[in-house]
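Two complexes follow with subunit A in common, the first pairing it with subunit B and the second with subunit C.
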Partner chain A sequence: MATPILTQTVDLAARFPGMVTADARPGYTGFIVNKENLLEVATAVRDEFGFDLLSSLTGVDYIAENKMEVVYHAFKTTGGSGLIFKVQVERIDPIEIPSLTHIWHGLEFQEREVWDLYGIKFTDHPDMRRILMWEGFEGHPLRKDWKEAFYEEEVKPYKSRWPEGKHTFAEDKNPFHDNLNFPKDFDPEKYVVDKEEDLYASLERHTMKDEAGKMKTDSVVVNLGPHHPSTHGVLRVAVTLNGETVMGLKPVMGYLHRNHEKIGERSTFTQIIPYTDRLDYFNSMSNNFGYVTTVEKMMNIQVAERAEYIRVIMAELSRVQNHLVFIGMLLNDLGTMFTPALYAFEERELIVDIFEAVSGSRMMCNYYRFGGVVRDVSDEILQKIKDLVFDRLPAKTDEMERLLNENEVLVGRLKGTHVLSAEDAINFSVTGPVLRASGVPYDLRRADPYSIYDRFDFDVAVRHNGDMMDNYLIRFDEIRQSLRILEQALKQIPQGPINSQKPNYQIKVPAGEAYGRIESPKGELGFYIISTGKGNPYRYHVRAPSFVNLTAIEKICIGTKIQDFVALLAMLDIVMGELDR
Partner chain B sequence: MYGKGILKGLSVTWKRFWDTYIDDISWAVSGRKRYHSEEGVKHRSSKNTKGIFTVQYPEEQLIVPEEFRFLPFLVYDEGADGKKEVRCTSCGICAKACPPQCIWIVRSSDPVTGKPVATPADFYIDADICMNCGFCAEYCPFDAIKMDHDFDIASTKRSVYNLERLLKPASYYAEIRPLNYTMEEEARKAKEAAKAAKAQAAAAATATPAA
Partner chain C sequence: MENEKLSLPNYNIPEELENVVAITTLDRLYNWGRRSSLWPLTFGLACCAIEMIAAQMARYDMARFGMEVMRPTPRQADMILVSGTVTKKMLPAIIRLYNQMPEPKYVVAMGACASGGGPFKEGYNVVAGIDKFLPVDVYIPGCPPTPQALIAGLIKLQERIDKDSLKKVRWYNKEKKDGNYVPMPILGPDLIDVRRNAEIRDAAATKATQESA
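Entry: the complex of A and B
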């Protein structure tokens, strides 16, 4: 089943002479756009060239050249390779770039993130506040001259560990000694935490009058979370309400932020693999998959044949358990405590047992390596997977559908509650099942095939109403398609080596950049990596589907009832480990 | 008919409810133990499991697979007179590969010449920082550091393991990872045999011209 790949080269430089130049740095692709012409070029990229889905935006700090760069990755929802364009600015504060949120609304959070972590201000952005760090935080952590607490060395491995590794506790070193920066005129004694005003000011507030025009009422602000069972972790959402109707909404995140990207830039390429497990901790196999494919792209290496099959098997098993748990937790959020969730968790346990047997850990699998996987799957475990895929999981999926699908209360709740239209979903860069449920058949396994997905016969699950019922049912469709892929992969899996490379903990990656993306169960999981030819990446960025999908939550929820908000949030299938990074 | 879907759903939960008892009774009748036995735990994590699924930790424990990894330990071979022959050569590969950098090695040196000796003077693993990724065991060229199965290690203090705490005999390693152990032993024996054959061939080659 070969999928036609649309390869159309777009020459922006020829279309916009004088405004756009091709990026000529070795190992780099794409175009460099003048800051002044960015809006014009971006509009043409969307309307003229048809790159309707702007999947990723990120910053890069080229401190040696005294430059800051913002990189945009635009794709077409009809599939094919993307268009990369960049803007370069002098690294002198204040750094300002025009915001593109009016062209692609999905950039709202990503631009805020770049402001937060790089200090690049996007002019004309509707809500330019910090997003992951707290208001009042000083500095921009991803800049190359920013140092974290307990900073030891620029890159790992640290010299203090060997050969004279006398253990010291990090906490014994005074964290306030040499890398604590106070802003000018800051007195910690007089500091009062008073930064919530910005959040509430960003919410829309209304004063309404009744029909007679006599009684005035104000809208009410309600804070959901950060500790709330329906927010799937520590997410806080400030909502303005008119009665029960949501009028405005702002998510507040970053409670689980650990600067994953800075950790990545400090680590070697191999050391990053176990850290990616901690992104979307339900699907560590998929996260590994995305990261190693990107690095393999840069290294230009082939993956061992058997390993390709093992990778697909593990990633699809991961998708099956993710969607089952999604259904269970959705019902949990709708008020059906425990029964569906526990039924789903039973199957998840069995799948996770397999992950444990092959990789050694149930959730933090750390199983993929550059060129293959870490160890072979024994025939015994392969038989276990076959038992699940051929016997148990199809039956249990059917049982789950029998349990829920026709339940009148559930149908009444889900059917007709609008989530997203196709246009909005694309404009908000929403990917994954939510996009497909609104009628866009965009699945990276078909749209931009990676690994060996082009060998399997499966359909892209798609539904057309874009309501909650479709968002719910599409998960069952995807489980079925995953099982189809699994059946074929299990039948075709060949014998052979499981890694094309020799084990090496210090790989060197050729200089250049790469953006790799896979269809994770939650959407498009992208990795943007820049290497300078050394053992550590210069830039390591994760385009987390949970984070980008959450951009649409305000659009989705305005006008709905507060009770539905909980279910709509569950629909987006967010995981805080990935959202906060 | 309104309510049909609910009844359909209830039939599923109804069936599941009885499954619990049916499975329990059939095990009881056949005289097998469904709970508190290895067989029972295995059954409950197999594809045929029905009814109650839970493993009652800590009274029962899941059987961990061989590849299960939890905190590294250092392997030593038991010498002839009970001497601990530490396999580690303090080459530092594990410390370099470790993502959270929780391994600290002191290389020992000969007191007379000052040259490094292939054995660690001390070896620390900050168990609170270790993320159980298994890279140290994976990249160790001497099979000297391996991942443990012992996960009941809750403590109220910071746990920094030193060389003494980390050392465990090769027999323990063979016990928790039998397949890996035999594989490695075979590989080692094959290597030694090849080396011996090579040495013999070399000796023969040097012996021939002299004769």
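Entry: the complex of A and C
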């Protein structure tokens, strides 16, 4: 079954005549809102029409029309299709748009990202600094007229490499003989380094004087990371502490910003698939899934029946191993050094073996193709998966629960430590297990079914206390539900072709836009793609669940103890490849 | 491997004394001590770090080679495994960690990105290989390298250590004081390698104005 296309259920243009017009460009949907009326319309979208979850915000540079556009995707946590609205502004600096962070707090980082990469300033934003690149970096990289140091051509395949294949070294063409690009007449010795005063100024401080006014106390500023064992990669968090209590907190990211979107816009549609593997490197299968379903939606093609089942099997196996690793790593952060992680990785290795058997690589699977998958799964491998799913994994999940869940120290540490209330979680655009542990049964496999998830009988795991214990236990619930889906899929999988399309390395996608989303193990993984009908996407944006979920970290952690901060950060289950892209 | 034994093979030690007496050279004693207990820095950058973790787990078990003691602080580490894409923003932190490590110290570039930029080389925030800044001892290919490949690379590092000589190793070189210190790069309009200041200034001055690249 094809993924249902987002249909307009709300007519904003009729509700706000003169302020909103329907987007009439071919292949586009949604509404274009006047910049002056954005706040009013957005408030109505949330309060009147009930689109409480603003999932994605991103910019687009229409350089030919001399316009910049910001696209918002709003959804309802009760499920169903979304509402797309856009704002267009003239492409003349300074470009300014009112910030919507006061309506949806979850936009804070996404607006900062658009400022960083597009140079669109959001007025009234609480903390308008660059987010992925450092302050002082020259230019806004995703603008269409900004060219990187190793720029060769607008789009791939580059003429130098294909079809003759005469390679040259990118270093030789660059005036600095490296991946560097300085403005004309730049003198490095006179450069004044940014001391990050803006970052520290944005932190909540706590200054006190005693009665005589002589002794002054100030809060301690601690930088955790970018090299820190508990930050799950290269995240840096600047915190101010009063004793052990967290007063203020700002994450600093971009230490793994690998320019995924810029490279994606240069690549062909097929070339992007291996790059998506490296987003959330635990779940390359899920990333592939999200990307290919989005492009399939634009191409309007059917997926081969057997391939649909293989896709679901791989994505759910991926979810099981992700949650197992999450549990192991969380307990590592809580101080049980290594033992639970050893148990978790034992099972992960078996699942990763299956990925290796079907795709050839343990982690970077590059397995899904438009219309199906790249290789068939042999009966031998299917039998291996069945052994795992029917016998081993249920028993091992029970074993882990038995070993851990009643542990007094663990319960004492997790139970009652508040993470997020349902209202806050929705307002901060948090998705995935963290949202469901707060009592919101929002799972895209049910709320907006894609692929063949509507055929399976499973429950949406949900827990209601919103504390750390629930956030931890919900991972076990989800493993069990995934195993249920896997059991049904393995019983029902039909024989047949694995791809409905002929192999094609240069697919053409009809002009238009699409936003596709799937329930990745970490939350809503969305892809926003604009095609102009050529072989490359004009705009390629990834709505990464880790990135958006991290927006809530400040809300979650202020007032807690610094040692709980480490556990709360683990609770969000972030992965840096996806966070920084 | 014969170098795992401390005693030189050409001396005949009676069997009953083999665990008590060893006849060897100072170089060999030094190398044997170094290679048998390499403590890596707990330092993950990207995807490769996950395979590094997998290599420490029960199935592959790096501990068999004396490398299980991951140290979170550079002051206690012997080797830095650069496991993943080196970005310009991260580079100053890596250089700082390297400079804080006590000598003798070794650098292993794990994966395509750390060795030469890998699939992300064209990216504007990516450093095309850590060897532009640090002296790399072993390169491990792969994207990411499997745990087996990682362990093979680390055994290569041990073999390299076996060839060290106290007279020649760079950290005991008296003439080159601070020979291992790498000056910190600066994050300016782009990454400034302070060793190349003059070159950058000249190139920027002669850069064509109309060129936006």
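Here is the rule we go by: the second predicted complex is superposed on the first by the 543 of 581 C-alpha atoms of A that agree within 3 Å, B and C clash if a C-alpha of one lies under 4 Å from a C-alpha of the other, contacts with A are read in each partner's own complex, and residues count from 1 in each chain.
Keep in mind that, in the parts below, a residue touches a chain if its C-beta (ideal position, glycine included) is under 8 Å from a C-beta of that chain, and two chains touch if they have at least 3 such contacts.
On a predicted model such as this, the values are computed, not experimentally measured, just so you know.
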(request) Mind working out whether A:Pro503 is in touch with subunit B, subunit C, both or neither, as first, second, both or neither? (result) first
(request) With the two complexes superposed on chain A, say which partner A:Glu349 touches: subunit B (first), subunit C (second), both, or neither. (result) both
(message) Which partner chains sit in contact with A:Glu148 here, subunit B, subunit C, both or neither? Use first/second/both/neither.
(response) second
(message) Quick check for you: in the superposed arrangement, does A:Lys561 touch first (subunit B), second (subunit C), both or neither?
(response) neither
(request) Using the superposition on chain A described above, determine whether A:Met576 touches subunit B (first), subunit C (second), both, or neither. (result) second
(message) Contacts for A:Phe186 in the overlay, against subunit B (first) and subunit C (second): which applies, first, second, both or neither?
(response) second
(request) Identify the partner contact of A:Pro274: answer first if only subunit B is touched, second if only subunit C is, both if each is, neither if none is. (result) both
(request) Name the contact category of A:Lys159: first (subunit B only), second (subunit C only), both, or neither. (result) neither
(message) So in the superposed three-chain picture, is A:Arg25 touching just subunit B, just subunit C, both, or none of them (first/second/both/neither)?
(response) neither
(message) Counting contacts the way the document defines them, which residues of subunit A are shared by the two interfaces, the one with subunit B and the one with subunit C?
(response) 274-275, 346, 349, 364
(request) Would you mind writing out the residues of subunit A in touch with subunit B in their complex? (result) 156-158, 160-167, 169, 267, 270-275, 339, 343, 346, 349-350, 353, 356-361, 364, 366, 374-375, 384, 387-388, 391-392, 399, 402-411, 503, 505-506
(request) Please give the residue numbers of subunit C that touch subunit A in the complex, ascending. (result) 42-47, 49-51, 53-54, 57-59, 72, 84-85, 87, 89-90, 93, 97, 117, 119-128, 132, 143-144, 146, 186-194, 197, 199-201, 203-207, 209, 212-213
(message) Which stretch or stretches of subunit B touch subunit A in the complex?
(response) 2-6, 8-9, 11-13, 16, 45, 47, 49, 53, 64-69, 90, 92-93, 95-99, 101, 103-107, 116, 122, 124, 126, 131-135, 138-139, 147, 158, 160
(message) Taking the touch rule as given, give the residues of subunit A at its contact with subunit C in the complex, in rising order.
(response) 132-134, 136-138, 141, 145-152, 170-171, 175-189, 191, 193-194, 226-229, 233-234, 254-259, 262-263, 266, 274-275, 278, 281-282, 341-342, 345-346, 348-349, 352, 362-364, 576-577
